Amino acid sequence: MAETNGYTENELLISVASKLLEDNTSALVGTGLPMLAGMLAQKTHAPGLLLIFEAGGIGAQMPTLPISVGDSRTFHRAVAASSMHDVMSFAQAGYVDFGFLGAAQLDKHGNINTTVIGDHDHPKARLPGSGGANDVGSFTRRTIIIIRQDKRRLVEKCDFVTTPGYLDGEGARERAGLPKNTGPYRVITQLGVFDFGGKNKTMRLIALHPGVTVADVEAATSFEIEVAPKLDTTVPPTAKEIEILHREIDPAGIVLKK
Amino acid sequence: MDIIEEGKGELLGFHDPDEQRAWIALNKSTALVDKRMTVAEAVEKFIPDGSYIASGGFGHIRVAMSVIYEIIRRKRRNLAIAGKTAVHDFDVLMGAGCIAKCETAYSFGHELRGLSPASRRAVESGRVKVVAETSNAGYQWRFLGGMMGVPFIPARNLLGTDTLKYSSAKSAIDPFTGKPVVLIPSANPDVVLMHVPRCDKYGNCQIDGILIMDYELSRSARRLIVTTEEIVDEEEIRKAPWRTVIPYMYVDAVCEVPFGSHPCQMPYLYFFDEEIIGEWLALSKTDEGVNEFFDKYVFGVKDFNEYLERAGGSAKLEHLRRVERLEEQMRAPWLKGKKE
Amino acid sequence: MAETNGYTENELLISVASKLLEDNTSALVGTGLPMLAGMLAQKTHAPGLLLIFEAGGIGAQMPTLPISVGDSRTFHRAVAASSMHDVMSFAQAGYVDFGFLGAAQLDKHGNINTTVIGDHDHPKARLPGSGGANDVGSFTRRTIIIIRQDKRRLVEKCDFVTTPGYLDGEGARERAGLPKNTGPYRVITQLGVFDFGGKNKTMRLIALHPGVTVADVEAATSFEIEVAPKLDTTVPPTAKEIEILHREIDPAGIVLKK
Amino acid sequence: MDIIEEGKGELLGFHDPDEQRAWIALNKSTALVDKRMTVAEAVEKFIPDGSYIASGGFGHIRVAMSVIYEIIRRKRRNLAIAGKTAVHDFDVLMGAGCIAKCETAYSFGHELRGLSPASRRAVESGRVKVVAETSNAGYQWRFLGGMMGVPFIPARNLLGTDTLKYSSAKSAIDPFTGKPVVLIPSANPDVVLMHVPRCDKYGNCQIDGILIMDYELSRSARRLIVTTEEIVDEEEIRKAPWRTVIPYMYVDAVCEVPFGSHPCQMPYLYFFDEEIIGEWLALSKTDEGVNEFFDKYVFGVKDFNEYLERAGGSAKLEHLRRVERLEEQMRAPWLKGKKE
């Protein structure tokens, strides 16, 4: 909730994520930040962005922010109120451009743990599991991972790989049988933005948020991080974006006040 | 088609299709008969200890909560449960000690509302075992296979992960492309519970809005208990037969339970009761709190109507109707806590 | 159309078939004689018989005789207007008691040809193919075959096995992977009724229609036919049944006048 | 999972799922754009010679006949066709010489009306090849696999027969039960044609009555041409989103063609025109008759409206509406011939 320069971390993450979503593409979204990123994109540069929910909502005109992936708001005035079989088939068949993922642990290849901390059968902390994450990470063309980074979260090795990133590197997804031309596209954290242009499909820092240094990023990462030759600085959320978020998308502060 | 990898998860709810056919021949009937009964009768008749159960709906949406509460009231034990983005149902059953094991796609969390203290405690203490992992699509297709009467459905998820390693699926070489695919084993749960907006006394059900997994899940069930907001005349069904999502042949019990999804949402009819969900989330941080919740809302009431009274009665229900219709703002304690 | 004793061959076949259908069971029916047999059973001894059409009609109240398996009459006031995926899954999962099959050629094990006479790739006569027949013959518990028998039709070996009977005998269906406890139940011809109680799952004559002899049957069959120890005589259609057929079910004579 | 038997049928319309995904990435869009065009434009744009086509509906029910006639008018050649209980569409395309090969579940017959002289002649003379056999469920599940983006669907039909031997399926040992299953290869037809009662200009379609295979077939298509009785406002779609059977993302062309299924049936709207079907069945007994039929009804008219005029115009169409509503008896020449 730290507010610096007139925007919060959440607003920054949402704004950065929304800019990655291109007009006239499709995104499979969950609740929370991804949904706000998708809705913000629709209200700014990507009015033709199709938002899809795994429980069956396709192309809704959401009157208020849904609080669940199956909430009736996710199919309010939709083009179709369908089913999980339909939406997951749509994604598996190759129709979905973007997917969003969160993570409790993330490794340098973009592999994600949302299942368990510690040993699976004797867990230190039990987490919700895959949900649709493994499916999103397997089927969509480009997945965007949003995570608040620190050394406990950006780890050398996940305790459990719930959702595939690039597995152990170049070509590993294809060898495992996952669909071609899929995989993590960007990681967005409170410090910066990463792609997977590092050696053997590893995370590479491509942009720093305003006021953040490479050293800050290194201090919050358990593995060695590559830095892109041309390192950008994130464009912070505009006043207009912040207004849309608070006035039109989440006036109750369901996500924004987290 | 050579097998590459075999998940070590327990194969819950899988039946050789021939064995399942024999079970159907013996236990199911296509006769058009009146299946109305009370929730208590349905639970007594169809959910013995040790059953493998799966709940329709999703998260906190369209859940047959009156059946869930009745399972708790009757102290059913050693149930296995499908954690198919089961959320509130799963969490309260875990909290009540009804569950011995589960297969998880999404459990232990209430989406935006936070994690589930009660069921996490159950698993972290070893009282309940997670015997298999899968994903939402993984579950969806387990039920598709169960509906179709085939042993598995091929797919392209799970591959390369620990989710596969801890699942009951296998990976194999597809003989048409020479590439690996995952084979997701079918499931026929012992009992499926489902809440619908309307059905007739035979069990012909209509559902408004998204179906989630319920088309396939209802058809894969061995026993299917349907609770409904309203029992309508057969005529309502026959005049628009394309609206029938679940035909009667799959249904074993029809129970009329208005507001039967409460505190979960019923699309177009009523919103989540975030106050009750919030109360559960707060109380379930301790075992004492769990008991307090159940004493108040399950053991302390004789049936679902009395439960609804205790949850706020008609004023509350009217409020939830109005929120669902976008006429009022929701009241959520977890939201209030966030005000800066 | 030969009328003897006050009933036609079609009426006889329909009446005999209808009596095999038990109350409160289900039958997957096609157009023609099977549909009339099903409707007659519903109007006489089996009001609780569920009729299902492969195109998606479930439990219709048919106002007139459908002329196609997908005709809107097949889902008129139905309990569900569904899909082929749904109905075929229902059958494959084991919910359907009876199925009906026709045949251009039939062998002693109940294997059926409706695909081609002569060589497949250089056909003497091309027939419609399986349609839903292979599915009905694979999935339903008991299939009833209706065929006008002669030596060209009841053959030692089908030119092409479109739909499985008992294949080459006892246990062969199971060895091939077909569902257990399925297969041909009765064959009804213009001469008599057969079951598969013959040696190694072969056709066995169990009833003769009035006025028909075993020699008549043998003269119209290309393979050796077993005769049951207790050979029944078919009960001919009653005046009541004939009246229901002509007044209520097929007043236009769509099938009955064939 | 060991392969037991491999059908020798040609694998029509099968694409490695990765290749299909690459095709979709390049050629399909989820943009919500106006897709209205004429049938002539749709055929010109999406159905080149050599395409593998499949038709929605069933037999003589809900068939996009205006597209079928336009294919004939434009003299498309070397098409491959799915004989998925295609009947009238299949028979006239075969008669017109548009088809080089087919996979057959049910073809060459018009159900109760008798066999198809034209298409039987085409196959028996060797002009057209039946390159694979399957069954109705076989086709249904080829499209289910195509929709799901997987290489095959397992099933328990076809086994033990020549239908399997001449199919493109394989049988294999199921690793979960150790028993044989058939693996039905998926299909993604180059073009699917479908007629619906209503859709919006983007292609969001509603269908009244049975769906037959069209839910899965529409989703498996590479190109999907929809003809519709009526184009409705987007608002009609959005106010009842659960009625959308085919969402717009799959649709490439939307053509408004009232009575577009004629002479086939459109459930709830109009009955089969048995007089035209009967005329075709009678004329198509000879090649000369086939030409006569097409000269009269396809080449001799400039479009579908003129065709409808020639078929009897508004008096005929009103009659067909009345028969469908059970207000009049059907007129069928093949029935008259049967009067004793």
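Think of it as A, B, C and D in the order they're written, each chain with its own count starting at 1.
We take it that a contact is a pair of C-beta atoms (placed from the backbone, for glycine too) under 8 Å apart; a residue touches a chain by one contact, two chains touch by 3 or more.
Note that the structure is predicted; figures quoted are calculated from it, not measured.
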Query raised in the report: Across the interfaces A-B and A-D, which one involves more C-beta pairs in contact?
Result: A-B
Query - Mean-CA-position distance for chain C and chain A (Å) - result: 57
Query - Gap in Å, rounded to a whole number, between the CA centres of chain B and chain A - result: 27
Query raised in the report: Per the centroid of Cα atoms for each chain, what is the distance between chain B and chain C, given in Å?
Result: 41
Query raised in the report: What parts of chain D, by residue number, touch at least two of the other chains?
Result: 17-18, 148-150, 155-156, 179, 181, 209-211, 241-242
Query raised in the report: By residue number and range, which residues of chain C touch two or more other chains?
Result: 75, 81-82, 92, 179
Query - Category of the chain touch graph - line, ring, star, complete, other - result: other
Requested in this report: Quick one: which bits of chain B touch chain C in the complex? Just the residue numbers, please.
Outcome: 17-18, 20-22, 24-25, 28-32, 146-150, 202, 204, 219, 237-239, 241-242, 244, 247-249
Report summary line: So, in the complex, the side of chain D touching chain B is made of residues 1-3, 11, 14, 16-18, 148-156, 170, 172, 174-177, 179, 181, 183, 185, 207-211, 241-242
Query - chain B partner contacts - residues on chain C that touch it in the complex - result: 24-26, 48, 50, 58-61, 75, 77-82, 86, 89-90, 92-95, 97, 141, 179-181
**Report entry** chain D residues within the chain C interface of the complex
**Finding:** 57-62, 83, 85, 104-109, 111-113, 115, 120, 123-124, 126, 129-130, 133-138, 140-141, 144, 155-163, 166, 171, 179-182, 209-216, 265, 267-268, 272, 324, 326, 329-330, 335, 338-340
Query - Complex interface listing, chain A residues touching chain B - result: 1, 31-32, 54-57, 63-64, 67-72, 74-75, 81-85, 88, 92, 111, 115, 120-135, 138-139, 160-164, 167, 172-173, 175-179, 252-255, 257-258
